[in-house]
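Chains here go by letter, A, B, C and D, matching the order in which they are written, and residues are numbered from 1 within each.
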Amino acid sequence: MTRIQYQECIDACLESMNACNYSYVSSLKEYDLASLRESMRLDRECADICSYAVQAMTRQSPFVAGILRLCAEICEACADESSKHIHTHCQECIDACRRCAEACRLISDAVKVYA
Amino acid sequence: MTRIQYQECIDACLESMNACNYSYVSSLKEYDLASLRESMRLDRECADICSYAVQAMTRQSPFVAGILRLCAEICEACADESSKHIHTHCQECIDACRRCAEACRLISDAVKVYA
Amino acid sequence: MTRIQYQECIDACLESMNACNYSYVSSLKEYDLASLRESMRLDRECADICSYAVQAMTRQSPFVAGILRLCAEICEACADESSKHIHTHCQECIDACRRCAEACRLISDAVKVYA
Amino acid sequence: MTRIQYQECIDACLESMNACNYSYVSSLKEYDLASLRESMRLDRECADICSYAVQAMTRQSPFVAGILRLCAEICEACADESSKHIHTHCQECIDACRRCAEACRLISDAVKVYA
């Protein structure tokens, strides 16, 4: 994979990280933050793995396949949790996380596993 | 600072991380990598702090000022080292790192230090 | 600085990261988590910079001085916020963060700035 | 899993990160660093995922199983590559990485996958 082939997935990861971190800081300001406990927890998890995935792709890590599979799994879990909440920042998270999961799967299926 | 105000700096950090990581993996393939020891070392340092800075901005960290000052310092050091080498990937690093340092200083000067 | 000279500071950073992350996940389970908003936010910031500082020390980063100064600053802020709360996990945070800030300052004062 | 149950794995990850980063900086100083290209590349990969795994365990991430499986895979690859080199820092890496891989598998097999 070259830098150009990764670009779409890098962009999707950045948007997901951005949406998750925005939802996280927004949740911390919400009146009903008690209902957002699990959402906040997953927002942080998702932002962290997306950030990790971006770095891994830009340095052409030989482990991109495994890293992106993990990223897709965490994005899906975050999207599922976000879909339980009506807050705008949660709704924005769903789309960004689902798109990211899809982009990650596309690459991880295409990349040969390190061996 | 809002997400929108950070966007230019986030983009500059991403380009710098990308250029540094590309230069890093390219250096590992060079015939004369012995001459690129310090450059490779600083590429990794610079990519890591740029990645950190991006996450910090997207989560609206109260410590953005200090983080971006540090990022600017490391970007400058990486650009200085890269300017000693004629390889294309080193030359690309110089511009990306200098632009990033400038963008980081602009924000860190504007943001009130956490107190 | 050698690995051995960093060891005490590495340990202090690890304890601080551990205490902050424990306080973070504990806060998410608290009945009164609304009162812990700022504490949770700083716990994450502190855990992240401590983790970053540990990696930087183990790879003998030439920017350790600046990184540890930043780490000390964030640890102090986290300790100050934690001291406003009576929860056991917050109290544990205070000590770990203050010790870490002290250890970071000791090293950052001793290390020559990269130049 | 509690903090105490993770402790052995956290320690193994820290030792692996430490050994990999030490081998990385030592490789950069070697006369024959050209023969250590792949080793340096994997040292960085391994140090990064170990650092990530430590943070994930201290914040009781619900994705610890997947993260540690990935960490074990990368540790094994790094140990395999290190075993091709006679340098002391490479030999130290083998043991640390193998122990870490084993500790990660022990936990990831025990932890229920997030669902």
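Criterion: a residue touches a chain if its C-beta (ideal position, glycine included) is under 8 Å from a C-beta of that chain, and two chains touch if they have at least 3 such contacts.
Going by UniProt, the chains are A, B, C, D = Ferredoxin.
Keep in mind it's a predicted model, so treat the numbers as computed, not measured.
Where touching is counted per the definition, the chains common to chain A (Ferredoxin) and chain B (Ferredoxin) are C, D.
A count of contacting C-beta pairs for B-D and for A-D identifies A-D as the more extensively joined pair. Centre-to-centre separation of chain A (Ferredoxin) and chain D (Ferredoxin), using mean CA positions: 23 Å.
Residues of chain D (Ferredoxin) in contact with two or more other chains: 25, 41, 44, 48, 55, 59. Taken as a graph of touching chains, this assembly is complete, with every chain in contact with every other.
Contact residues on chain A (Ferredoxin) toward chain C (Ferredoxin) in their complex (touch as defined above): 25, 28-29, 33-34, 37, 40-41, 44.
Note for the complex: chain B (Ferredoxin) touches chain C (Ferredoxin) at residues 41-42, 44-45, 48-49, 52, 55, 59, 61-63, 66-67, 70, 73-74, 77, 114.
Against chain D (Ferredoxin), in their complex, chain C (Ferredoxin) makes its touches with residues 3, 14, 17-18, 21-22, 24-25, 47-48, 51, 54-55, 58-60.
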